[in-house]
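You will see chain A twice below: alongside chain B first, and alongside chain C after that.
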Partner chain A sequence: MLGSIFAGIADGFLLFLIASGLTLIFGVMRILNFSHGGYFMLGAYFAYQVVTSAGFSPLPLGFFIVAVLIGSVGVGAVGIATERLLFRRIYELSDIASLLGTFGLLLLIEGIAEVIWGINPMSVPFPTLVDKSVKVVGVRVATYSIVLIGVGILVGIGLWYLLRRTAFGERARAVAEDRYMCELVGMNTAAVSTAVFAIGTMLAGLGGALATPLVALTPDVATAFIIEAFAVVIVGGLGSISGSLIAALVFGVVDSLAITYVPSLSGVSFFILMFVVLLVRPQGLVKNARAFA
Partner chain B sequence: MLARLRSRRDSASLAGLLGPIALIVVAVLVVPSLASGATMFLYELVLIQILMATSTNFLFGRSHMPSLGQAAFFGTGAYTVALVYDVVPIPAALLLAIAVSAVVAFVIAAVSVRTDGLVFANVTLALGQGMYLLAVKTNWVGSENGIPGISAGSLGANGVWYLVGGCVIAALVVCWVIYHSPFGLTLYAIREDPIRLEFLGVNVAIYRMVSFTIAGAGAGLAGGLFAYASGIVTPNTMYWTQSGYPILMILVGGMGFFWGPAIGAIGVTLLLNELSGNPGWNLIILGLVLIGVLLFAPRGLLGLWVDARAWLRRGSARRPLPAHSP
Partner chain C sequence: MRTHRTAFAIAAALSMVVAACSSTSTDQQSSASSEPSSQQSASSEQSSASGSESAASSSEGSSETASGEPTFTGEPLKIGFLDTMTGPNGNVGTLNLQGAQIAVDQWNAKGGVLGRKIELVVKDEELSPEKTVQHMRDFNSEGINLITGFTSSADVLAAKPLAEQNNMVIVTAGTTDTSLTTTEHSANVYEIAANIKMMNVAAAHLAETDWKDVKVWDGVNYDYLTGHNSWDEFNKMIKSGTSGSTTGKVAFVPFTATQMTPFINSLLAGNPDPKTSGLYYFLFGGGAVQFAKQAMPLDMFKDYAVVAAVGGGEEFSAALGAEGPHVYFVHDYFYQGYDNPVNKQFIEDWSKLDQIPGLSLYGPHEWAYEGYTAMLAYLNAITDAGSTDSDAVKASLSKIEFDSPMGKVKFHPSNILEAPVTVWECQGDSAEKFGYKCFNTQSIPPSITLADAPTSF
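Let's look at the complex of A and B:
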């Protein structure tokens, strides 16, 4: 019981990495980004590429960290390029048209990944030092779960600090509240958008790179993960980072318990939970949050 | 605006129904003497996708209910036929497919119409994907492998073709009548201004639920026909990206026109078939088509055609009409 709750929390933090990026981008650009799953998948492939090109046989933890960072930053760079080239034009469409536009981009990214890496599943081994399990308060937990939880907490604190305690965060929140007003007072809102998009996609890349030891890596990881991330941001309340954190942890734990006790519901539990929450609270857990609360 | 109204009036005249239907009838009669085997299956897919896209357009062009879960109803219809094909005759199986998907759509509508816009899109997406996962995990529908060996009994290859053709034509006529009926026009009014219609005493939620149910029933019939045409049903028919294809077809053809989705369905299905030998590239080209249509031709091919005609009539002095954003 405790063990699967622990594993669920780790999964939840991994989901949070994707969902928080989605939330950031939704908050500032008012766009729900299907292609986020594509950036997640690219992050995983970038890390895979770095790891296999070096060919270490137990994979050293230090090198894995390098691979994860390269994956994350590389995806951020791709994110900046797509924002400049494509998203600029998509922002002006209606919300549904822009959603479909990002769906087009998702297909595009998935197709490119299929051309480059093929559709055979790839895998990355657990890096040394975190490939075992340890006893914590009497339950066996995988050390990699502890890594995921640690990274998730760091990202959560980092986002809070960035948005609440820095000048950049203040600008991002201002644009999220009222982009038009920000433009009137002379703020470079386009630059803020690009920066927020870069951070969001880096988080997706980070999540993807960290997920490599856990998933069989194929291009359709992109379409599989984005649905769960969407469920998280909708249930959390669109635009709320704390809401998406709560929802991600709840989803992670519930699904992990489902895997242990009702295997037939693993994966489906997401959608049942979403169904129930939206019946009770159509607006999500955290309603009408001030920007990113 | 004017051109939009005019184009609607044009398509609402009986000629707007009979012309395209006559074309499809001729095509259905001619194809068996020209094609066979795999080509025949491709044309069956085209017909099925025409029905799928047209019924989905109840949600996009008629109501403002951007569902991303229509594949779930297509799959429901397909699985229904797969489960009953050897115990009941074909018409009963297809009616059952329509009924079961309509019921499922109604239940999903009851929850999802409480939401709007992006949240609605996500709720339908998630519920549809939930049904996909259920299909993958349920043993009595064959889990990942689905249900193979569905046969249409004594109907031969040509018989299945006429079955698909006949059903699609009948369903298109029904769709057209509903689309242009007072009910359909009320949906259109709700799409444009739901609050005003609410004040006029229209029960907006009921209209939206019925619209969703009709679209689900249409998708269910398309799925049932697909089961007979392909002989196998797998969970992949319900995967969420399959819900994206009818939307792509609607956008390519033009969602503001009754026949737009049909034109898009023909184009996209044939394109997908051309690209099927190039894994990866098929997705790349679909993605580019979708982005290109949204950015450069938001009213689709028929919209371009209407603009071009208006432009030719007026001369080049004036700009084309502003795009009708979906």
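Let's look at the complex of A and C:
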């Protein structure tokens, strides 16, 4: 039981890293960004490229951290470019148009990755110091899971601080509340949007880079994670960071327990939970999502 | 605003088109891939013993130019190649095609078949029965009656009625579901790859001979029909065997699962004994790698004396590199296991090809072998029949014996190739070029794996 709960929490925090960027972008831009999974996948491939280019065996933890940072920042740069070239033109279009546009972008990113890296599964080795397991209350726990939990907590605190305690956070919340009014008072909403998009995509890149030791890296890894991330964002309350955190942890733990104790529900427990939550609370777990609650 | 909307519409449309190209590119490359690449050309023009004796005899209807290049008589012979070339399992079709193209190049260098140049017409079925049916109809309307390729047994079942109705022949390269040669048997469908039953018989045979210390077999399988059938079959064989071993915990993993730790925990909950426990591993592709990645920090593989990957292959070890666990692979072919001229030439021609991105192999993959052998089956049958007529080719396929990378082979009455199942070991090793090594190959003959296969229908 304890092992399953711990595994679920670690999975939940990885999911939170992806979902937080997604919900952040939705909060400010009102766009359901289907291409978010593509940024996750790019972060993973960037980190893979850095690690394999160096050719370390075993992989030092310090260098892995560098690869993760490069992956995350690199994806942020790609995010800025795509926001300026494509997303700026989507903001005022209908939801259907933006969904189709971002889905098209996801397919484009997947196609490019297929051309560059191929479709065969690749992997990044676990870095030293976090490649083993430890016993926690008699349960075998992967040290890398503890790293994921730690990073997830740090990202959660960092986002809370950024949005609640800084001038940038105030501006971002203001744009999320009323973009038109912000423009009337002379705020550069385009710059705020670009910055928020960069942060959101960096979080996706961070999630992807951190996931590399755990996943088989293929271009379609984007699709697998984005579906779960969307479920988390919807259940958490569109635009809510804290809602995404709660939803990701609940999803992770429930899915883990379901697989362990009711194996026949594996793969569907996630969606059953989403269905139940939306039935009871169609607005999501957290209210007032627009203000990044 | 209007210009913004127009610009966005164009950008979105371009995104869609470019992305769609990644899934339709194989249709477009069909003509390109039917021509040998420069490297393939170079290799196929070399004088060699490739393509077996039949390849040499196939040149009887053709002549050579002064430069030594063969000339062909009549229209090119078009053989349909229908496989999953894109998406998560696109690597299977890509490798099937790689092998088929090697065979085509070898035979074309010797004058083709019946004096005609051989061309592959490649279509991507995208792992979809609907697409399969659509492409089969297209082949029929294009006058192409001989089809190869196929990764998914479900897609073969979708294609079977059309093949029977229009008297088309299918020689599948990579399908493994046992039903194709039992309950769903068709006179129009032949199979190259060892099916699940053959591989399970081989694994159960080794459990009685080589892995006698294993007393409890746990299992991890994909959560789909063949995954469940495969485990049930292995479970039955283990329990009815004489080794006294039994089966324990089992996990069924959905294809879409990203979180493997709960499945791993459920297996570890059975407290496997590192000296007397074995793990039956029926995962492949990205899922097999992902499961292993999440199992390694929990030392799961150290808890099992034997890990037997049924249907898995070297791409698993290639992806994991130096940290890869020690695994026994049970599949149809491994290039190190066979010492004959056809295999040597196959390996030599493969080594001259460009490496597939992200796939670090020391020799041709078994999926390339399957595509290669499927083409050899067709080309030898056409030569024997002296015709490309479906009935004549079927009659020849059912009776001929031909040289393959695994030696002389022929089709069993159930229409599956009577070839050995190969078992080999791979393990991560940082001192090796690609970070892993493979060794200890052994063959389980068809006299064991097909002992109780049906012979009449």
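Note that in this section the second predicted complex is superposed on the first by the 290 of 293 C-alpha atoms of A that agree within 3 Å, B and C clash if a C-alpha of one lies under 4 Å from a C-alpha of the other, contacts with A are read in each partner's own complex, and residues count from 1 in each chain.
Everything that follows uses one rule, which is that a residue touches a chain if its C-beta (ideal position, glycine included) is under 8 Å from a C-beta of that chain, and two chains touch if they have at least 3 such contacts.
As the structure is a prediction and not an experimental result, all values here were calculated from the model.
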Putting chain B and chain C onto chain A via the overlay, clash or fit? clash
Could you look at A:S94 and tell me whether it touches chain B, chain C, both or neither (first, second, both, neither)? first
Classify the contacts of A:A216 with the two partner chains as first (chain B alone), second (chain C alone), both, or neither. second
A:L86 in the overlay: touching chain B, chain C, both, or neither? Say first, second, both or neither. both
With both complexes superposed on chain A, which partner does A:I234 reach: first (chain B), second (chain C), both or neither? first
Specify the partner with more touching residues on chain A, choosing between chain B and chain C. C
Between chain B (first) and chain C (second), which, if any, makes contact with A:F275: first, second, both or neither? first
Quick one: classify A:I119 as touching chain B (first), chain C (second), both or neither. both
Look at A:E110 in the shared chain and tell me whether it touches chain B only, chain C only, both, or neither; answer first, second, both or neither. both
Scan A:S57 for contacts with chain B and chain C and give back first, second, both or neither. second
Scan A:G8 for contacts with chain B and chain C and give back first, second, both or neither. second
With the two structures fitted on A, what stretch of chain C runs into chain B, 131-139, 203-211 or 365-373? 131-139
Following superposition on chain A, which residues of chain A contact chain B and also contact chain C? 86, 89-90, 93, 97, 100-101, 104-108, 110-111, 114-115, 119, 227, 267
Chain B contacts chain A in the complex at 66, 111, 114-115, 117-119, 121-123, 125-127, 129-130, 133-134, 137-138, 239-241, 244, 247, 251, 279-291, 294-295, 298, 325-326
Contacts from chain A onto chain C in the complex sit at residues 3-4, 7-8, 10-11, 57-58, 85-86, 89-90, 92-93, 97, 100-101, 104-108, 110-111, 114-123, 125-126, 131-133, 140, 142-145, 213-216, 218, 220-221, 224-225, 227-228, 252, 255-260, 263, 266-267
Name, in rising order, each residue of chain A that touches chain B in their complex. 32, 86, 89-90, 93-97, 99-101, 103-115, 119, 219, 223, 227, 230-231, 234, 238, 264, 267-268, 270-272, 274-275, 278-279, 282
Chain A-facing residues of chain C, complex: 1, 4-5, 7-8, 11-13, 15-16, 18-22, 86-88, 90-91, 94, 223, 251-254, 256-259, 261-263, 265-266, 268-269, 285-290, 293-294, 296-299, 315, 318-323, 356-359, 430, 435
